[in-house]
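Order as written gives the chain letters A, B and C; numbering starts at 1 within each chain.
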Amino acid sequence: MARSTTPAPELVLPQPVPAHKTGLVAWGRSVFRGAPVFSLCFLTLAVACAVCAPLLAPYDPIQTNRTQTLVPPSLSAHLLGTDHLGRDILSRLIYGARISVTVGFLAVFVSGTVGTLIAVVSGVVRGWADTVLMRLTDAFLALPFLMVAVLVVSLLGPSLVNVVLVIGLLRWMTYARTIRSEVLRLTEMDFVRLARAAGARRRRLIVQHILPNIVNTLLVLGTLEVGSAVITEASLSFLGLGVPRPLPSWGTMLAEAQTYVFTAWWLPVFPGIAITLLVMASNLIGDWLRDRLDPTRRQL
Amino acid sequence: MRGYIARRVLQGIVTIWLVTLGVFSVLRLTGDPVSYMLPPDASKEDRARLIALYGFNDPLWKQYVVFNNNLLHGRFGPSLRWDSRDALEVFLSRLPATLALTGAAMSFSIIVGIVLGAVAATRPDSLFDRVAKGAAILGQSMPVFWVGILLILLFTVYLEWLPSAGGLDRLGLKGLILPAFTLGCLFVAAHMRIVRSSMLDVLDADYIKMVRAKGMPRRTVIWKHALKNASIPIFTLFAVNFAQLISGAVVTETIFAWPGVGRLLVDSVFVRDYPVAQTVVFFAASFIIVINIVVDIAYAWLDPRVRIAG
Amino acid sequence: MLPDTQPSNDALLLEVRDLCTHVFTRRGVVKAVNGVSFQVRAGETLGLVGESGSGKTMTCLSILRLLPRGARIVSGEIWLQGTNLVTASEATVERVRGKQIGMVLQNALAALDPVFTIGTQVGEPLVMHQNMSWRAALRRVVELLRMVKVVAPELRLYSYPHELSGGMRQRVSSAAAIGCAPALLIADEPTTALDVTTQRQYLDLLMELQQATGMAIMFVTHDISLVGNMCDQLAVFYGGLLVEYGPRQQVLSQPSHPYTAALLQSIPQLGEPRERLPSIAGEPPDLGRLPAGCPFHPRCDAALDVCRTGEPPPVFTLAQGRQVRCWLREQDHDRSAAGSL
């Protein structure tokens, strides 16, 4: 019979780390491992445009110019051309970023808050509150989203605030469902039970134990939803029900481009590229965050 | 199986009721409905007539009872714009166009999505697969109306192959191609991704190994066994996508001047024809709920294990 | 060294020569099967014994070319009645699977397609290989189900896998595997997922089937106590190598490899007084990072210096057709008998 004659394993002490591997570079490398670089750069660019629009835009986006209508893109004057009223496309794009980014982030903030609220109540209180809230979620999920948005915005009147509210209040369901299952899972875990056994009251439980653990999920969902909010705002503006003219939303630019699609190809192309890139950036960053924060989760 | 169906239908009815509640409140609680429905220069008599017609001065609960009563009897109110034709009638006259469009778009995206996804799954990490995955991400990021405009730019302006505005009556099937393709593009990407992912999981499973061990040729393994198993998660996504489909139809119909209910909604909202708008939203929501129920039942039929868990 | 063509020996059904199957992962190459050779004769039962990860399952999958993604047969030959399965086309191998070689997998629920009925799944190979109509095939399925002792087979035709018990599923899997009367049945740990009583019933069933059809069986297991009366020949696997091979009785009574000996010693015997269950010290090798020399040397009491370096020991042929890969047996190597295997 083979007796235990293998020698005890040697103690392997950690090697001292060479100096250049510590510090800011190493930290940066570990946090941003595998990040979609282009998406992050574009998102930063979009936010920069939103914040510093007056500084970046070469022309006034609203100023009409009857002599310069429908000028094709050229390196000399208007980089991306002008529209049917002589307004510079590039400047309008930059100012449009302001609207898309604002609506995107604010709408996500609203729906995230509402969704989390509902999810936490549902998951912690349970009982009939849970049933009612879940049926409500099902009802909202069954709504033809854009149609309802169209209806409600027309009733309330087109404005930035209304658009944010409508998008925010019609998209909370994804958050509610996902976070609710997270909350349910968490409340079954031992550390919550221990806290309860120690006499912790509900509010303390929620704030101290549950919320910190759902931040990750919220972050991932929020990032992914920014793209959807941007597209919805663009759709509403496209239909004429978003932010009022003459504010240069990318969607409005596309709507105006429709009449001139036969003569001026640059009118529809550039705003569309902007929207697509912003949505793609939000999707890719969201996917990366999801992989990074929860590597066990499968990716579609 | 029957118990499952009954339960699902009951849930659906409750949800529809909640939707009607929402539709009811949306008009009456967001400001003055009368001002909304009438142009600003309407006379006092017109206002009085409208109030009498809809009972806006009655207490809310009474309005709700009347509302439900009307709903159950199929009375959706007269359209304020279309010469007082019944809102329901207006809606129904435009419905076939939308059904044609969404049906064509969905079929197109399902078939192409399944084929592309299955092929990509059988050649993981190949050039085809990587291009497909990239195209999928792009496809899901492009707004529907932009796709439509670009296609018009290409096919109507430059190539002059296909018409860009009209409907089935005037243009026949040729007019359906561009709008259906535009709407379908949105979903091809999503369907392809989920079919690919689902197939990859299935192809790794033991029972596929067993089927191959019995000597079944590759095509049987993939298209009979793998696909049927992989199609189960596909169905849940189809259901979720239906709401998106209808949203997409609104925009697509606007671009291509398609005479369907999506455009009807936008038009009626602009002319403040509230009864028609309300009707469209109500039916759209109900349709989505029904589709969800049908898909759940089909899911239970496809995957025998679900019937017991139900 | 070895002849290129198969020697004409009528009873010889399957011959595996120097099979090497490697798995290519992101972290490196895993040598799952590292030079395995053995034979299976018509009608005999070969037991493949070893721990998880020792290469026995990968060997079986290599025979039918059912390797998972990233795994590939790197070298070697697998001769089945004149055809080398390693180099044969996919179409040829598809004709062999199910028809000449049948396979039963370990986890019976996972091995049956959940969305098709039993009748469809057992009947499929019949329709495919024997060109039967579905009606005729289903009749034959009923016979097969009866042969594997499934109760009320006519009703079971329309059942789904999740409606059956574990033991029944295993039997249905076997019915599907033997449907076309293959000459060889590979049973990969068929009893691992079953409880002890069902295990016994299933093994008895296998024996009966073998009696009735005269097929050969390759029986893979990690539990050496199961091979008891079943197997004619025994092949012991370790670290991707075949470390001992020979007639069952002799291997069990006089093991010539230290690992086999240790395995046998670790089987608890009912009735014997014992304070502690004996086990083999150490852990099975990581096939991605095999030690130099013999893979067993870290756990071997009698390891020599030569065992720890260089290549693993070559195959030494002993008397009575036994083979072993151990330097300790070098002097017993019967050179005249070598080379005929």
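We take it that a residue touches a chain if its C-beta (ideal position, glycine included) is under 8 Å from a C-beta of that chain, and two chains touch if they have at least 3 such contacts.
Worth saying up front: this structure is predicted, and the values here are computed from it rather than measured.
Asker: As a test of whether you follow the contact definition, which chain pair has the most C-beta contact pairs?
Answerer: Contact tally peaks for the chain pair A-B.
Asker: Can you name the chain that lies farthest from chain A, using the mean of each chain's Cα atoms as its centre?
Answerer: So the chain farthest away from chain A turns out to be C.
Asker: Please tell me the distance, in whole Å, between the geometric centres of chain A and chain C computed from their C-alpha atoms.
Answerer: Measuring from centre to centre gives 54 Å for this pair.
Asker: Between chain A and chain B, what's the gap in Å when you average each chain's C-alpha atoms?
Answerer: Averaging C-alpha atoms per chain gives centres 24 Å apart.
Asker: If you look only at chain B, which of its residues touch chain A in the complex?
Answerer: Spelled out, the residues of chain B in touch with chain A are 11, 14-15, 18-19, 22, 26-27, 30-31, 36, 137-138, 140-146, 149-150, 152-153, 157, 193-194, 197, 243-244, 246-248, 250-251, 254-255, 262, 265-266, 269-270, 272, 277-278, 280-281, 284-285, 288-289, 292.
Asker: State the interface residues of chain A toward chain B in the complex, per the touch definition above.
Answerer: 135-136, 138-139, 141-148, 150-152, 154-156, 227, 231, 234-235, 238-241, 251, 254, 257-258, 261-262, 265, 268-269, 271-272, 275-277, 279-280, 283-284, 298-300
Asker: Which chain C residues qualify as touching chain B in the complex?
Answerer: 64, 66, 68-69, 90, 94-99, 102-103, 105, 107, 110-116, 124-125, 128-129, 160, 162, 173, 176-177, 179
Asker: Going by the contact rule at the top, pick out the chain B residues touching chain C in the complex.
Answerer: 124, 204-218, 220, 225, 228-229, 232, 302-305
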